[in-house]
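As written, the chains take the letters A, B, C and D, and residue 1 is the first residue of each chain.
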Amino acid sequence: MAASPLRVTIWNEYIHELTVDQVRAIYPHGLHAVIADALDARFGSSMEVRVATLDEPEHGLTYASLAETDVLLWWGHAAHDRVSDEVVQRVHDRVLHGMGLIALHSAHASKIFRRLMGTSCMLRWREAAEKERVWVIDPGHPVVSGLRDEWFELSQSEMYGEHFDIPAPDELFLVSWFEGGEVFRSGCAWRRGKGKVIYLSPGHETFPIYHNPNIQQLIGNAVQYAAPTGSLYLGQGRNIVPSLSPIAARYFVDEGLHRSK
Amino acid sequence: MAASPLRVTIWNEYIHELTVDQVRAIYPHGLHAVIADALDARFGSSMEVRVATLDEPEHGLTYASLAETDVLLWWGHAAHDRVSDEVVQRVHDRVLHGMGLIALHSAHASKIFRRLMGTSCMLRWREAAEKERVWVIDPGHPVVSGLRDEWFELSQSEMYGEHFDIPAPDELFLVSWFEGGEVFRSGCAWRRGKGKVIYLSPGHETFPIYHNPNIQQLIGNAVQYAAPTGSLYLGQGRNIVPSLSPIAARYFVDEGLHRSK
Amino acid sequence: MAASPLRVTIWNEYIHELTVDQVRAIYPHGLHAVIADALDARFGSSMEVRVATLDEPEHGLTYASLAETDVLLWWGHAAHDRVSDEVVQRVHDRVLHGMGLIALHSAHASKIFRRLMGTSCMLRWREAAEKERVWVIDPGHPVVSGLRDEWFELSQSEMYGEHFDIPAPDELFLVSWFEGGEVFRSGCAWRRGKGKVIYLSPGHETFPIYHNPNIQQLIGNAVQYAAPTGSLYLGQGRNIVPSLSPIAARYFVDEGLHRSK
Amino acid sequence: MAASPLRVTIWNEYIHELTVDQVRAIYPHGLHAVIADALDARFGSSMEVRVATLDEPEHGLTYASLAETDVLLWWGHAAHDRVSDEVVQRVHDRVLHGMGLIALHSAHASKIFRRLMGTSCMLRWREAAEKERVWVIDPGHPVVSGLRDEWFELSQSEMYGEHFDIPAPDELFLVSWFEGGEVFRSGCAWRRGKGKVIYLSPGHETFPIYHNPNIQQLIGNAVQYAAPTGSLYLGQGRNIVPSLSPIAARYFVDEGLHRSK
């Protein structure tokens, strides 16, 4: 079960903000800082928010810090391949054991998201500052709570378009319309092992999208929704020799068959 | 689209049949041979069946042979880790591009199945020759066509039990009851990329399960169901610069942002 | 199982074509005639197509004619409430027992579709002859087979927009973009009982949409996909007194409890 | 959104407890009283629980009382047909507008559940006091939170068995094993309109199942899970004449087409 306060880690590769003036102007302390402030403002002391970035040792995602994370947000774009496979393995394990993962924008192409999905996760894209209109497809879904209308707009956005190569979402709650002609499943949820995985597509670094109150509302809801729930999860093979109910057959097992060859 | 005749490859690690008398007695030419015969008997010249095994060069799964495979069946148990990562990658690519994959029994723990699922795919198990009663959960599903009742029995089976750590199936059509007390989602389907993935659990090597006519019926149906269908699949990112519909904004793109850092 | 040839009934309320010049000009013999011709052209003698309309006795959907229908297409708009509840009941029964149902365009509001869905099935709409661009969301789905690109366009269409109040589709294969700003889940499939239900939204009567080759391709695929498959379906309660496996308890059943009070 | 405290109504047809000694002995004040006490004990003042029964005026489900209900539990068995269609209509509307509905045991055959599902909702059954072992299929699901193992047992239960004629659940979290040989999807969730619908099968009136702590845990979790969430839901057709984005075509609409004929 989730801890109280809920322990949230925002991971950001944090490259564009340090190297590109256009991005720094929008996110002077990194886009993670804007997201962290938004969570603080909404949840205060009921949420404990920390940040981690690519250039920290172990990308700031040590076993210890992950063990104390209930929900992990992930933003990456230019350096997916610089994330170490060992850290990816460790995040994967934590998701299966119940940690929520919220993949933001170009995290669709991150190692961890692709590993959890099992598909290419590739898509159409165009950076042309076009209008994106985000439509609510499932008005009862917890992640859209607090939105005021059937849709909201982002006046300038990067287009992400279908076909988006993901497994059919367990829950599809947002679909975006783009001025240039495409559509996109922009809000999706899946369950993997005991953990919840959410994808929210809006969030290109050259537009002030994480300053948008609707986007902040969605992220806040997603964090709450992805908090750990449920019961015993084992996630490993277990040989149950004594049966729960009686078995008629008498049978000799050649255990050698079950050893790796 | 699927070729006509449909081109089917049965992959078997083919170890137990060569090394364990109990197994050889049931499957003297390998369990793949029994499955191949069953498909031949049902489909004749409308299906072209070949077999491939672990010890062949490239495990019998060269680029060429995979390119000419519409549906691949996979049986493995004792040597999952001896399957080369390169071949797994190549099978994964083919599935995303439309080749059907039917994972049989302990192939739940194969590299290819786990990669497509994104979870541990682990489960409870017990080898005690207990009764398994296979229940139809979705009587309209194509894979159960031709079954005669609401259920059928396997008098002796290995128990596979829940929790089975898979993503929720897109389609669940069989659930098994075990004499010793467990239940199991024994017939499941997912879509990944353009391909269909089916899991059929009954099939332990020490019982003559692939000789069972109901199991043969299910496998035959599954092969037909997993045949390639659909339209254009790209499975890679594509930057669509000219928009399909007009965009009001005038915008300069810093392409440098989209390069790996 | 489906008969061979596949027996298809196209039901049309057939009002607009007889009463509105603009519609008659596009569909002089009814839009059902255009769909029937399209199926004939594609499938020839492997499909037996008949038509039925609102004003026939029992709307042309007698027990006998439904019993001989494998897949039923339904187009209605102005007279949903003139369809008799008895006929709706009869179609519902047939769907649960395996007949495919393809709801076209404004059949979203038909009695039979709403009954199968359990929701209002209502939506946004606008008739403004705007462009609709239909995107393939699931490129491996059988219903999109034969489409040539990631999308196709209808130069003039009625807008149907989200939120579309349906249960989450078991399979979502098309999402439409509309020039005026909306998105819509335009190709969906569900299973109900033993039957398959498909919804295809494009098809407003004042535009020549059923003459469009892509739409004809989708309808042809949908008919094949919705053909009956599967095994025994009972669809009624059944009291199974002797158990399949032994039960330890000795127990007296007061059958009176199970009678209606 | 849900009120605080959460307002819960437990509806019970309340017939067997008044007329059958065996049932009265287990539930002297009605099974609704046991469920109400269990919710009180767990949630105290954060939940406001009331009860309603068949024989009250309007079955205790007036517009006013439903308007003040966030989650409705439903237990019925012998008198489904005595529930008035008008009340069913009113409950249906409330569910679509966000009220949670938890259908218990033989409520699978209630008018309201069948209307929300669109299928027969029929099943195999046997009353033989056999053992039921309830398995967790989705260990991360909120409704199973607090369970201590992979399964729990009910020493005596009524068998409900597959095929259970429901639409594939949006979420399947429990599957039951029965001593006599059947399996059953015993914990399921769907979304309909803005509301959540949960089905929990264990609960036959001749066994003390609602006294079982695991069952009480599941019901408590289900009530919390089914609480209203989300944003604007309209659930009716709406003609959006001015478009959100510009449309090139100039077009005259014959509004007469959209009138009922």
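The rule is simple: a contact is a pair of C-beta atoms (placed from the backbone, for glycine too) under 8 Å apart; a residue touches a chain by one contact, two chains touch by 3 or more.
These numbers were taken from a predicted model, which means no experiment stands behind them.
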Same-site or different-site touching of chain C by its copy chain D, using the half cut: same
Longest centre-to-centre distance from chain D, chain (CA-based): B
Chain B and chain D, separation of their C-alpha mean positions in angstrom: 36
Whole-Å gap separating chain C and chain D, where each centre is the average of the chain's CA atoms: 28
Chain B-chain C separation of Cα centroids, rounded to whole Å: 31
Residues of chain B touching at least two other chains: 124, 131, 133, 136, 138-139, 150, 161, 163, 168, 170-171, 179, 181-182, 191, 193, 233-234, 244-245
Touching residues on chain A, where the partner in the complex is chain D: 1, 98, 131, 133, 136, 138-142, 144-151, 170-171, 179, 191, 193-196, 228-234, 244-245
Residues of chain A defined as touching chain C within the complex: 124, 133, 135-139, 150, 161-163, 168, 171-172, 175-178, 181-183, 185
Chain A contact footprint on chain B (complex, rising order): 15-16, 19-20, 22-23, 77-82, 96, 109, 115-120, 122-131, 156, 159, 161, 163, 165, 167-168, 170, 179-182, 190-193, 205-206, 233-241, 243-249, 251, 253-254, 256-261
